[in-house]
Amino acid sequence: MANVAIPLGSNRLERTRSIRERIDIPRRVTLIAAILVVLVVALLLAFIGIRGTRMFFEGGVPLTQIFSATWDPGADPGQQTFGLLPFILGTIGVMVVAAIIAAPLSIGLAIFMSEIAPDWARNITRPAMEVFVGIPSVVYGFLGANVLVDVLRSNFHQQFPLGYSWFAGSLVLSIMILPTITSIAYDALITVPGELRTGSLALGTTRWQMIRHILLPAARAGLMTAVILGMLRAAGEALAVQMVIGNRAIVPTGIGQPIITLTSGITLDMGNTTDNQVWNMALWTMGLILLLMSLTFVFLARRIGRRGAAI
Amino acid sequence: MNRTLNADRIATGVLWAIAVFVVAILLAIILNFVLKSLGTLNLSFLFGDPSDSAVGGIGPLFFNSIYLLVVTLLITVPLGTLGGIYMAEYAHEGRVTNAIRFSQELISSVPSIVVGLFGLALFVRATGGYTALAGALALAVFNLPLMSRLAEQAIRAVPDDERAASLALGATKWQTITRVVLPIAIPGIVTGIILTAGRIFGEAAALIFTAGSSTPTHFDYGYFSLTDPRSPWSPFHTATTMSVYIWHINSESILPDSIRIAVANTASAVLIITVLVFNLGARGLGRALQKRVTGA
Amino acid sequence: MHDPLPSQTLPPSNEDAMAVVTEPTSEQAQPLAKPEVPASRARVRVETPASPETAKLGMDNVDVAYGAKVAVRGVTLAIAANAVTAFIGPSGCGKSTVLRCFNRMNDLIPGARVEGQVLFNGEDVGGRDIQPVDVRRRIGMVFQKPNPFPMSIYENVAYGPRRHGVKDRRRLDEIVEGSIKRAALWDEVKDDFRKKSGLALSGGQQQRLCIARTLATEPEVILMDEPCSALDPIATLKIEALISELREAVTIVIVTHNMQQASRVSDRTAFFTLGEDRAGRLVEIGETLQIFTNPREQLTEDYVSGRFG
Amino acid sequence: MHDPLPSQTLPPSNEDAMAVVTEPTSEQAQPLAKPEVPASRARVRVETPASPETAKLGMDNVDVAYGAKVAVRGVTLAIAANAVTAFIGPSGCGKSTVLRCFNRMNDLIPGARVEGQVLFNGEDVGGRDIQPVDVRRRIGMVFQKPNPFPMSIYENVAYGPRRHGVKDRRRLDEIVEGSIKRAALWDEVKDDFRKKSGLALSGGQQQRLCIARTLATEPEVILMDEPCSALDPIATLKIEALISELREAVTIVIVTHNMQQASRVSDRTAFFTLGEDRAGRLVEIGETLQIFTNPREQLTEDYVSGRFG
Amino acid sequence: GTNGASQPPSAASVAPAMSASADTGASASAGAGGSTAAVTCATGSITAAGSTALQPLVDKAGKDFVAACSGAQIQVQGGGSGTGLTQVSQGAVQIGNSDVTAESKLASPDASALVDHVVAKQGWVAVVNTGVTGVTNLTTQQSIDIWTGRVTNWKDVGGPDVPIVLVLRPASSGTRSVYKKIVLGGAAEATGQALTEDSNGAVVTAVKGTPGAISVIGFAYYQQNLGQVTALQLDGVDATVDNMKAGTYKLAADGHMYTKGQPDGLTKAFLDYMLGPTVQGTTIPSLNYAPVK
């Protein structure tokens, strides 16, 4: 068994023989699996891209009209107007306010989990986040419609005369995106090298000083990405919001009033219209706009993410 | 000195408060449903047939939820794992990798209603109606990127010296992946799978237009067929899930108000509890597998 | 279990020496000038502290455990003021662990438990009412891997003082410039230390920046955990020279894998090893010269003569 | 840039030695028995390879860069067959990097580029069509941190052979038992090596398990990167003894921080350092005794006498 | 009622054929969900999708039919009238349920390819929050004033001093278009002050909770939410099935089940059953729809 040294130059190294070895099959197989996602997305983009532009080509609606503030697709042919401004602004509004509510909580929670929580606490918070994600949006929706709306209307009647409102939507959303932001922010925080923490603490700074002056700056990019991706999730949420914002197709002016979003616009009318109606095409245009918003946000997130990595 | 110490104490307090607050919200939500469903939540509700006059049960819907979950995972786990392997072991930074990552992030932000309509146009036609398969495909659209992300993370978490050790012994890359890396990564992957199950369970918007939104009658589990839509085991049977059912009865059912609310609350409770169970189960299982893998 | 006390070296010959060297700085001034001559350095006599209580730093029968694993056991030692003490020993014998006890950095490691007394100027740093923050400000630490903050050199050095409430711009400038000078980094960075990022420096410069950063908080003690093990020869020599300079003003404890380094820079040396129970223990501590020439313990002999490790 | 060739040591006195020691095993048999006597070991004469081409392993003007950073420059050396060659030098000078070139482990590091010829039995292992898999099977590697697989001891050792197509149970049993014996681990694990997990062993045992695992693929060369730096004294001695045993059959290259270890276990020693350009370079390679007693280069002198590093 | 006028010629021609089959249907009979019904069985699997207002009826009938005919499988999906019409004209489902005529939603070629089967009459009722006391009836004119936003407080129509909150269904929904046509005479609702809710369920929740809220829901849903909300008369006529049958209660419309071309097989059998005595005589009244014969 003991193999005595081979005389120099003897039994030469194996060379690549078959093509099979040269074309690395596992690599290609796994690549295909990975690419699949891209194909699905491409398909989705094409599908929605085509449907979403029919309004202009087949429906003959001028592109500029989507920036009009009046949404009146039900009027007799001729007088219809397909102004999507209320939906676009509504979506942005709901998602921004949701982020403003959720971001501090989520990031605080992320800091807690990464810097402060003892193991037992972490063993509670992390599953909690996952359960949050697991709760169906319908459930959030009905909680919102049956509980939150009433609470707002009866306790803050001045601000929320109807309960159904922009704020209600944002509040429901903020709970739904809380786990998203938290987990991404948490990942961003724990990737900050431990040496920086110890470096600061060894200088006699308090933990909070370390967090404020070292940790947060170092993780800034990651945290911003987290918030952006959270907003993204918010923009795409349909059922829950639709049940609490009142769906009033007006340009939002106050968080106390009912407004409408792209997603609820789609859910409200999609089922009742047929796909040769310009009305229906307009709904697909909403879908397309939503997708374009997602695209820009993902771009943004990746930009910031990359700059962060550069630091 | 003291100022900074106080600042530290206050900040710590605030952060604790936030954590407690958030967990409290969750508990409140869970309790709300559990308490409201105390009267109705029992086995006959869980496994019984729905009724259009009384509380009845959610048996077929529960079955459908599980069924869809399984079918979806059958599609996404193999593909996702393979994709994850590529991203973790083969991918170099570059256009392809970027495109993949980009797509993954984009999909998870596409409104599910849009995916539902996408499914209505593609899968429903392809599978001949509102079918479990159509629903599963729609769900797969969401779940696939999530799955490969999870697999990738689990695989990346495997320490490099395990790979180095295997490769240094003259094992090929693929051997290293299948014989060393995957076995070590599996606990992580399994945990991930079960955690995503929660999302699949909760999805409604995408299913209303794909798997259907009708209240099924009695399921004849004894009748097994993979092609006949009448068999609950067939991927071609219409599969209204629990979350869709919750949506349905709350919006269009003509159940008496009291019953409607009771059913909705109880079904929600069941959903949330299931997700909870999945979660704890996932952790337990993960730990157990971890033990078996490391053997120590 | 091994009884630590015999390893505590208190030769009577040194008792009187204490009186002689009350002002160590003066006597040790010139040898410091040329630290590259190790021989002369190691021979300098420093007070051997009578007991952990009277020493600058001390440990009385300290055990440290990480969760279930006992890392070090029954360590009792006394660190002389204004002297350089080297910790040597094979990897995993607990040198860093012991070092981290002095400024309570072990608090940061979940599951780490320290038992027994750790003393600083005779005070128990582990005491209930003691603020770790305060301990760490007065006992600075330099790590194996240089870890400057991702900010300008100036901000790196100003970081500590700022956190401790120094606001006045001029005062800060003084501290920063002074610290960078003491860390022998001034000439290399004086032109652009306000803009240049600390990460843009070479490894050796980064390490000196970290020392400057520590000096800026005016610590009485500096703990160094293998400060040179990631540096090239020239950088190493610079740091060693620096250490000998600082010795005048601060007490230094340095962990090193390199016995020649220990003999070059340190006045006293502590040798640790792994016991049969796989827990680290102190074998002996004494004048560096004595440890390297006629150690009490055979183990020490074996180690310094490179029989293992 | 520094020209590597002068640092290549080819004393004429050794040319003829090649003829003398064609069958090294016989001559070196008994000294191996008691490796704890370093003197005798280091004095054994081994063939000094005439050139990288004729040596077991060789490098001809090799540069390695990680992305933009050049890690080592212009390394030219020849490793003698059936001998132990030690790589010494300060941290970061490229010892591991050079080592990883021989079995193409640098392929695994993204952005790592190797230029120049790396030779194994006179063949360029970097050749386009060469299969790294085969190179690595025949040039084994043992790492600083023991890294057994999370499987039973048996499976750990059987892993390599299985991958190379050994199916027959009996054959596997032979290989496993033989390898564990050669790694001097048998007595400690023979009772439960089929069930017991490799992770359940102590550090030293784990390291020997890794060696056994490597032996199971019958490599011609074993590369060891600081195999003892994480081990306690006793474990270290065991490994060193083992190395000297294996020397009979395989060519060994060992990276070590511990110069005494180098002098104890190695026949020949290569000294690396960091150049002014912050890239590692080979200063000189030669008989261990000569390197430690009268090195050609002042740098080597300084290093082995512990002036830096 | 309103249907005769809007009947496409194709549908008119089918009607007798259906009644005929309905009679012969009496031959084969089986017990279904307690009520014994006459069913002409056929085997296979069909899907009926569309109107959520019709869904409860078709769903119930479908279940009874399947219970009687073991070889049959009938899936009844919601999704809205539009979805139903689209799906059926694309051939994706066999039956498209709709609250409105195909012509109102589909382009003429698609529409004329569909065969209309009017299976029931469905009624809607204006409901208000229970806090709106003293108002029991709204005239058509009052309704117009309220819905168009000319009257914004209940006191102007004899109620308490509470602002009126309009709760609308989506503009595309059958409910809203029927109400707009029959009661509002085409006048546009004051959407700027209204809430819009997606479904009968959501509407009930909103009206129940919002003081001064008013909306319109299907009879069936009202019956299930007695006491939750207050029903109003329309021009002094109670919202009852009888009044709707008698034609005195005008807020009603046909429930359509469309097939692509003439139905056959299970589809035909099921449509026959829908128009047969069991459904028309028992099922429909029990679910608060009005039979068409």
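Side notes on the structure shown:
A, B, C, D and E label the chains in the order they appear, each numbered from 1.
Everything that follows uses one rule, which is that contacts are C-beta pairs under 8 Å (C-beta built on N, C-alpha and C of every residue); 3 or more make two chains touch, one makes a residue touch a chain.
It should be emphasised that the depicted structure is a prediction, and the values quoted were computed from it without experimental measurement.
Among the remaining chains, those touching chain D and also chain E are A, B. The set of chains in contact with chain A as well as chain D comprises B, C.
Of all the chains, the one whose CA centre sits at the greatest distance from that of chain C is E.
Interface comparison, B-C versus B-D: the higher count of C-beta contacts falls to B-D. Remark: chain A and chain E have CA centroids separated by 38 Å (rounded to whole angstrom).
Centres computed as Cα averages put chain C at a distance of 86 Å from chain E. Remark: chain A and chain C have CA centroids separated by 50 Å (rounded to whole angstrom). Remark: chain C and chain D have CA centroids separated by 35 Å (rounded to whole angstrom).
Taken residue by residue, chain E touches two or more other chains at 52, 78-79, 83, 198, 202, whereas all remaining positions touch fewer. Contact with two or more other chains is made by residues 205-206, 209, 267, 270 of chain A.
Residue positions 133-135, 138 of chain D are each in touch with at least two other chains. Per the contact rule defined earlier, chains pair up in contact as A-B, A-C, A-D, A-E, B-C, B-D, B-E, C-D.
On the side of chain C, the complex with chain D involves touching residues 90-93, 202-203, 229-234, 236-237, 257-261, 263-264, 273-274, 278, 299, 302-303, 305-309.
Residue ranges of chain B in contact with chain D, taken from their complex: 92, 159, 161-172, 175, 179-180, 183-184, 293-296. Chain A meets chain C in the complex at residues 118-119, 193, 195-206, 209, 213-214, 217-218, 311. Remark: chain B residues 1, 3-5 touch chain C in the complex. In the complex of the two chains, the chain D residues touching chain A come out as 25, 54-56, 81-82, 120-123, 125, 127, 129-131, 133-135, 138, 174-175, 178, 182, 218, 220, 248-251.
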